[in-house]
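Both complexes below contain subunit A, partnered by subunit B and then by subunit C.
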Partner chain A sequence: MSVQAPPTSITTRIVRVQAFQILLVLIAIWVVFAILEGDRFATVGNMRLVAQNAAILAILGVGMTFVIITAGIDLSIGSVMVFSGVIGAKVMVAQGGDGWGTAWLGIAASVAAGLAWGLVNGVLVAKAKIPPLIVTLGTLGMALGLAQIITKGVDIREVPLVMQSKIGYGNAFGDVPMLAGIALVFLVVGGVVLHLTRFGRHTYAIGSNEEAARRVGLKVDRHLIAVYAISGGLAGVAGILSLAQFATTAIAGQSQTNLNVIAAVVIGGTSLFGGVGTIFGTVVGLFIPAVLQNGFIIVGIQPFWQQVAVGAVLIVAVYVDQLRRAAAQRGGRTNVLSRLRGRESTSNEE
Partner chain B sequence: MKRTSRGLAAAAAVALAVGSLAACGSSDGGGGGSDSKKIAFIQGVSGDEFYITMQCGIEAEAKKLGAKVTTQGPEKFDPTQQKPIVDSVVASRPDAILVAPTDVSAMQAPLKAASDAGIKVVLVDTTVNDPSFAVSQISSDNEGGGAAAFEAIKELAPDGGKVLVVSTDPGVSTVDARAKGFKDAAAKDSSFQFLGVQYSHNEPTQAAKIVTAALQKDPDIVGIFATNVFSAEGSATGIRQAGKQGKVNVVGFDAGPAQVKQLRDGTVQALIAQQPDVIGSDGVQQAIAALDGKSTKKTIQTGSTIITKDNVDGDAKDAVYQSSC
Partner chain C sequence: MSEQPILEARGLSRRFGHVTALDGADFDVRPGEVVALIGDNGAGKSTLVKALSGNLAVDSGEIRFDGKPVAIETPTVASGLGIETVYQDLALAPHLDPVANMFLGREVMRPGVLGALGFMDAKQMRVGAQEAFDLLGATVTDLNVPVGSMSGGQRQAIAIARAVHWANRVVFLDEPTAALGVRQTANVLDTIRRVRDHGVAVVFISHSMPHVIEVSDRVQVLRMGRRVATFETAQTSMEELVGAMTGVNGEAA
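== the complex of A and B ==
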């Protein structure tokens, strides 16, 4: 981007972000279902449930967005989530009781367990220089295995009643599901940290060029450890929330959670090559599969089609990212859609 | 704002694609009279012969009674996958839901919510902690099935000996009951020694490991009761790995094509078949009765059939599960 480039207004900048284009896709999908089955699909009650079911994935998505912006990956989140839920449940069973005291102990234990796995991931990635794919593939197996060892593979179903009634199925500010409210808090905090703080800028810098970041004096190792710790800690939060929602540790579940979250992050415009991405995009990326599944079921289409549709969206999203990177390397600015139409875009097209 | 319009164009293209897909999906469901009842069937897992046979029973009975059926199911027998499906089905406001809950506690609240929304809920095959909201619960007499499995082993090994149960996960009401029925029946017969229940987590490889380890410890096991499809598959593999074919009798539960093949091959010596089609048709009857304001039966138990190599092509032919209707 040259210095002489005309100053872009905030609206044009928003429009150019992939997250915004993907938002249009989400809105389009929503409108189609609303037209087809408006009185069933486009209701407050239905949207509440969609938000509730996407909430836990959204919290995982915040951590994953940070990790992928550093050009890393965290495959372990589903297992860490199960492990943390198991630790939380064990602590609460040992403590006994159905009140908030027990619940807070469980929450603290679960988050601590997640954080611990995140630190392990971070140290192995940053200090031992093992590729994140391998590190988190290893901890994926280890966390799940240990969860099964601790429970002997038997799900724990004793969850304090307050957690189920107030968190799992409670409401925040009127009619918003509590889970969605909690997720919103994490999304806002995550967005502010990523986009408005030095920590966030360093995350982008490391993802863009780790060596350059190191040379200008960023503490890259420490930063990477912190980023993986955030992802692990958020998996801990997700673990205890899942416990509140399902009232079981669901050890056999979550086996595809990591891939679902990664897909959402990537659909939302975060580049697997690092340095690019938004929390907002991740949220939109999460809602596309969620709304597709919900809408397909309400309209009465085989749910298998949802996987086909999400897979296609994912591939298109990554292709768009590739085009943008190729254009950026040639020094031109990105105009992905005109590239798709086979035209070269230049920075002063408008 | 060229780029905005292009973005909108892309969005419109997606809208068109989703729309046309949705339109062809809903076309086969549309067109019925407004008073025909809508029944949604939510399977425990999609693509499983047990639930497909149940679906066949449901569809046949619904056709007879003039109701329309849509079927949905999660890819895995997993409450975290089934809950969003239940929520979406509830949002589509069917008149009744026939559902096989995947977890006794996780599915409690979502199904209670469905009932609170005025939908008649019939629990088929599995159940939840507090099923009082359901108009009816229909399942196999699983304890009876477990007892039948013991009878089958007794016939295969009349001299008695050690017997083992390979189950899936504790907390799944149906398989727990099968194991209990088997255990109680074994306890009544002093010539048999019950070695307990092992859990395979529904993984054939895990079941195989359990069985090879158990045969290391007790090489004189005469019978293994595998409480479901994958446990039976794995148990048979485990016996083959230990080189004990012909010495250990495996009695499987359910009679899908895979199990029937195992029976014909001789890896499994007997099968206990449930009657999923009957569960399905009874479920539809109860749902319709509830919608018509008639009285319903709170619990219904369906029977089971012992299938062996000798009767698989004869008397027990209809007990074998279907892979499509």
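== the complex of A and C ==
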């Protein structure tokens, strides 16, 4: 039918992946800060801090990556996280005590609460066919409102000591914070499920072409419900971890969380149009804002610049994704650099 | 060719609001033959194919498979019977590679505990897909890139290879040559013959009368939601087919 072309080599495939290109950006940022303020920036202690701050977002990022790969979105995670934390805190206060028994009860309650919200999202998206943006915007408000009703707007600050000392500020091994260790477990499991299992394969297929997925007999509705439930359940995990870290339900503290996580996932190369994405990319996408924030503070630049920089990176990342998709639709290669160069040269000629 | 039909439709009807898409349509195909299904736009070809492949419920009528009445309610039921369909839009997932598309919904799992945990056997699927493409004579140049980045001909080849690989009784091909060049078309027609020679029934929907004459054993004509004529291809002509489609000759004769 056509001439046999040599199969794409592994190295070219890696270089073409957006996550890899973003990783280079991250490394560049890191090197710049290391050169400017190496003594204070490139230290174990400081990296520990960065990892600790990114850990909870990373757990949320795993769920969000799955959701966005199905061409969906989950705006509710910040609120669901708060709600779950409140439920967990309430249960632990009711139980009383500072030991593991109480802590595990709180963990279970929090995860169950998150899972329940995720199921609500999933059923409304898959069965009622309401756009995910609307569904999760609705549950964003509902979860936060209910959290405030339950607490009457006053943060709960009673958290078992063992949670604070072992999870919030403990170490998993060596100098690795427990929170980062837990996040790492979720990232690895999430990555393995996404890239090696049938569940992951179907997640990509549904995001790529839902109708085709239905026609080959995939249970699309059930799969979407599962994906939103995962996102909600992970928000529950994040809720209880946040409680362990800050020893407060921080009801007002998560209003930007959803957007930060979405930005990280998208910066990491997951396409909002579905069908494309990696957990690895999400991790890199999370560390760019985290390292920028940390580095700006150390270097003495107003940390507000971080928001400006992340916004710009986000727009560039989506622009690159657009170019890639346009190139793929023309049946061409997806080398973004040459595409950009091509643009420049044609505009010069004009 | 006096064999019993492998798949038979009797008096299928289906309305969409005020539009009658199928109006007591009959259809039959026997093992090891190519039946061309022709008709003007809106004659009900696609509706009939959807009904027979589990993608559309009918209001009334009966579908028989191997002589026995069956209810083909979902594509999964159709697949279970050995019926596969290549749609006009191909129904591929553009971001997945050819292997993933080939095995979508039928992934080969790793043996033992890993398989039970949902791990796929990538190597096995790769080998299976390569074999299927080779059997078809389809040169899929790269098994690692998304099918969305491939040419129309390659995508078509992948969709057909997938259907042929899984269909052991009946294959529906809805306009498989519409988007293809001369060489790819010849390739698809070759594939159709090869599949038929394996004893599989092929239903070929096309607007191209030369292709219909070239590849089919029988031709069935749909007009306004019902079968109006059946021809042995060897004993008919393009004029006769076009006449039956448009109803001009039908009225005169």
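Everything that follows uses one rule, which is that the second predicted complex is superposed on the first by the 337 of 350 C-alpha atoms of A that agree within 3 Å, B and C clash if a C-alpha of one lies under 4 Å from a C-alpha of the other, contacts with A are read in each partner's own complex, and residues count from 1 in each chain.
The working rule: a residue touches a chain if its C-beta (ideal position, glycine included) is under 8 Å from a C-beta of that chain, and two chains touch if they have at least 3 such contacts.
Being a predicted model, the structure only gives us computed values, none of them experimental.
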Comparison of subunit B and subunit C by subunit A residues contacted: B
Which superposed partner A:Gly45 touches (first subunit B, second subunit C, both, neither): first
Subunit B versus subunit C as contact partner of A:Ala94, first or second or both or neither: neither
Partner chain in contact with A:Val216 - subunit B first, subunit C second, else both or neither: second
Touching partner for A:Leu161 - first (subunit B), second (subunit C), both, neither: neither
Contacts of A:Tyr204 with subunit B and subunit C, given as first, second, both or neither: second
First, second, both or neither for A:Gly275, with subunit B first and subunit C second: second
Touching partner for A:Val185 - first (subunit B), second (subunit C), both, neither: neither
Subunit B and subunit C footprints on subunit A, overlapping residues: none
In the complex with subunit C, residue positions of subunit A that touch it: 1-5, 7-8, 13, 193, 196-199, 201, 204-205, 207-209, 211-218, 274-276, 327-329, 331-334
Residues on subunit C engaged by subunit A in the complex (per definition of touch): 55, 74-76, 79, 85, 87, 91-96, 100, 104-107, 109, 117-120, 137-139, 141-146, 148-151, 153-154, 157, 183-184, 187
Subunit A to subunit B touching residues, read off their complex: 11-12, 15-16, 20-21, 24-25, 27-29, 31-33, 35-37, 40-41, 43, 45-46, 49-50, 52-53, 153-155, 157, 159, 164, 168-169, 242, 245-248, 250, 252-255, 290, 292-305, 309, 335, 337-338, 350
Touch list for subunit B against partner subunit A, complex: 1-4, 6-8, 10-12, 14-15, 18-19, 21-23, 25-26, 29, 46, 70, 72-73, 76-81, 83-85, 87-93, 103-106, 108-109, 169-171, 199, 201-202
